[in-house]
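Paired with subunit B in one complex and with subunit C in the other, subunit A is shared by the two complexes that follow.
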Partner chain A sequence: MIPDSLKNSLDGAIPSMIVSVDENDMPNVTIVSQVFYVDENHVAISNQFLSKTIRNLTATKRAAIQLIDPIEIFMWILQVEFIREEKEGSLFDDMNMQLEAIASMTGMQDVFKLKSAFVCRVHSVEKLPKA
Partner chain B sequence: MITDELKKQFEIPGSFAIGTTDLHKNPRFTRIPAIFATENEDEIILMVSEINGLKAIDQLKVNPKIAVSCNSQLDDTTYQFKGIVTAVAELNASEIEAMNTRKSITAKWAGEMMGPDFGVSYGKMMSENGWKLNVKVLEIYNQTPGKMAGKRIS
Partner chain C sequence: MQSDSDSIKQHISENETIIQKLNEQLERRTNEIKIIQSISDEIINSLDPESIFNRSMQLLDEVFGFHHSHILLKKENEDVLYVVACHGYENSGLGAEVKYGEGILGTVARHKKIMRVSGIQSKLRIVKMMTADESKSESKKLPGLPKVDSQMVIPLVVDQRLIGVYSVESEDIGAFKAIDELILKLVGSQIATAIENAMLFKKQERLVEAYRRFVPEELHEMLGKESILDIKRGDQVQGEYTILFSDIRGFTSISEQMTPQQNFDFINEYLGFIVPAIKKNGGFVDKYIGDAIMAIFPNKPADAVRAAREMTKNLAEFNRVIQSRSENFTQIKSGIGIHTGTIMAGIIGADERFEGTVISDAVNIASRLESLTKEMSCAIIASDAVVRTLSAEERGNCSELGDVNVKGKKNSVRIYKLDD
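Let's turn to the complex of A and B:
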């Protein structure tokens, strides 16, 4: 499901964005620092200060994630479904390590603290034109 | 509600996007080229390009609720506006010109920051058609990464 060519977009060089929906059909759009490759059918998003997104994902499960390829500058849109939250373990540790690297690159060491990893199943991948 | 400071945010190199959904809670992300203030302090106008906007327009016809992200490329200041789309219309010629003029501000900045190839590539994305959305703003949130992230400001 997740093509190899998408993995460039998961290194955190360019922040991603996520749209979620609440129970009253009101969307929420926000920046997400980290979208992490889990396996060919799953990604995990970092929960730092995503309180509304987290509430929406818990309630309605679905989200659209926008990724930008940092080299070719085209967009990917992933339609995903929330599966589970992880607050410890190897996935959490790997994400925490990458997030620290992203924070270091962006001068956000005091701001980026990983609370948990939200694992999502990828239902579709769409590649859009550049910019 | 929409202060002068917020209005300035629409006019600098920025990254603008909308979140929409149908009534089956299928969310959609759409990048948009421009946001404009109006004389009404609780209204903004969004311009949506025909290049990638059709699905969002279709969703807004069944569910007019919308979330709008406005990110400054200069300092990462980010706001989210939530509201209701009150009108959808196809852009006329002068509005398309205004949309592309606003888009060229970001393209110029992007070319300076990320190299001329990117600027040229971005410039080729100028639109020949699109839609104008009038949005009644109900809530505004600060989404700048840091301690203020998620705080409702209006």
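Let's turn to the complex of A and C:
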């Protein structure tokens, strides 16, 4: 499902956008610093303090993610479904390490803690033509 | 039919393109592996830490375009890294320290896992944006590029022990890809092993150096052994050698007026003046007994005589230097005894403690001649065995002092006073 050419956009070079909806179809848009590659059918987002997004994903499962290719600067739109939360394991450790490294550069390592990894199945990948 | 055959042709042509692409990829991979192999070979064959640092960073720059890199090593007994080498920076930042957990370098050290981070600047902005308390988010100055955006850091691990980290960075967005991570991982483990080996070798060299100060190399050579590793208890050799004994007169009374620290400082300074003359003239110190020196000259007795005269001269210089420092210092005098005879050198000891030693009557005689210098009020006394081998020039102003008896010796020994 996730093509090789999309992986560059999952390195977190450019922040991504997540659109989720609540039970009443009220949309919410958030910027996240990185959407993580899990395997060819899954990505993960970090649960730190994206309270609204996390709440929406837990309630309605669905979200759309906009990624930007850091070299060619074009967009990808992913339709995803939240399937599970991970609080330990290698995915959690890798994501936690990234967060810890950046936070410690500003002395905020005690504030920025990863609560869990939200693993989402990718339902569709759409590459938008360059503007 | 026509359309079927067309579609088959198209399929074949598509397949050919795919195969060609795969072949190209394979060739590129093979090249990369070859390059990594040759880097590894070059690095692993070096035992000099500096050249491992510099060469690996230079090669990774030339071949893979990693223009800015750092190597940091872990401090012993401390969770702190320090910069030992860098490549591609205006300011070297050598010696700069990073604690475990600090920034990307410190985080990799703490977790001992490779990390590739992209979009560092935007991530930092997001962190700052989300931090209400701005005062807390004071960035600590860490080694590296000021506007770094992409960084890969690999832990250098040997036997699951972190010895340091290797970092490459760039101000470009998305500079490092998954393939770069793989390359660094492959080369990194080779670099880690090479550094560890080089460090061990350096430590080994220091140990050998330290060891040499305790057991003279010349003793190994006399025993026909190449290194201390080959020496075992019971190894021995017998031959005709010259023994030189030197002692400070009345050192006990001088010593009583000094603190232990002053005693050691005094003796070490004294030996620093006197001892070089021994090596310079082809001898070596077998042992120090307090302020006394016992030296062996494996070649000609004349070597020992030359050394003795030079030692006396050096003692005068020592006296002059000390007196210029403290006025109430009374000049010290020393006596030197020289004798040539058959000696046995070998390794003695039990359990854990071995020592190279010399067993011979010649040692007792040389020691006795040294103690006679006081009675005879002269600086150097040599036995007939020494003097009869000297040329007229080597004898210099030499006068016979008569025959003396030495404890345990049947025959008396004829002795001579040598000018200094």
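One rule holds in what follows: the second predicted complex is superposed on the first by the 117 of 131 C-alpha atoms of A that agree within 3 Å, B and C clash if a C-alpha of one lies under 4 Å from a C-alpha of the other, contacts with A are read in each partner's own complex, and residues count from 1 in each chain.
By definition in this document, a contact is a pair of C-beta atoms (placed from the backbone, for glycine too) under 8 Å apart; a residue touches a chain by one contact, two chains touch by 3 or more.
In this text, all values refer to a predicted model and were calculated from it rather than measured experimentally.
S.K.: Would you sort A:31 into first (subunit B), second (subunit C), both or neither based on which partner it touches?
M.R.: Touch status of A:31: both partners.
S.K.: Per the contact definition in the header, classify A:128: touching subunit B only (first), subunit C only (second), both, or neither.
M.R.: In the superposition, A:128 contacts subunit B only.
S.K.: Could you say whether A:19 touches subunit B, subunit C, both of them, or neither, answering first, second, both or neither?
M.R.: First partner only.
S.K.: Does subunit B (first) or subunit C (second) touch A:49, or do both, or does neither?
M.R.: Both partners, subunit B and subunit C.
S.K.: Go through the superposed model and pick first if A:66 touches only subunit B, second if only subunit C, both, or neither.
M.R.: Touch status of A:66: first partner only.
S.K.: After the superposition on A, what does A:8 contact: first (subunit B), second (subunit C), both or neither?
M.R.: second
S.K.: Which parts of subunit A are touched by subunit B and by subunit C alike?
M.R.: 31, 33, 49, 108, 111-112
S.K.: Taking the complex as given, what residues does subunit C use to touch subunit A?
M.R.: Where subunit C meets subunit A, its residues are 101-104, 106-108, 111, 113, 115-120, 122-124, 126-128, 130-131, 136-140, 142, 149-150, 173-174, 177-178.
S.K.: How about subunit A: which of its residues touch subunit B in the complex?
M.R.: Those residues of subunit A that touch subunit B are 17-21, 24-31, 33, 49, 51-52, 60, 62-66, 73, 75, 77, 79, 108, 111-112, 128-131.
S.K.: Of all residues in subunit A, which touch subunit C in the complex?
M.R.: 7-8, 11-15, 31, 33-34, 49, 70-71, 93-94, 97-98, 100-109, 111-112
S.K.: Under the stated contact criterion, what part of subunit B meets subunit A in this complex?
M.R.: 17-21, 23, 25-29, 31, 51-52, 63, 65-69, 71, 78, 80, 82, 110, 114, 118, 121-122, 125, 143, 145-147, 149-150
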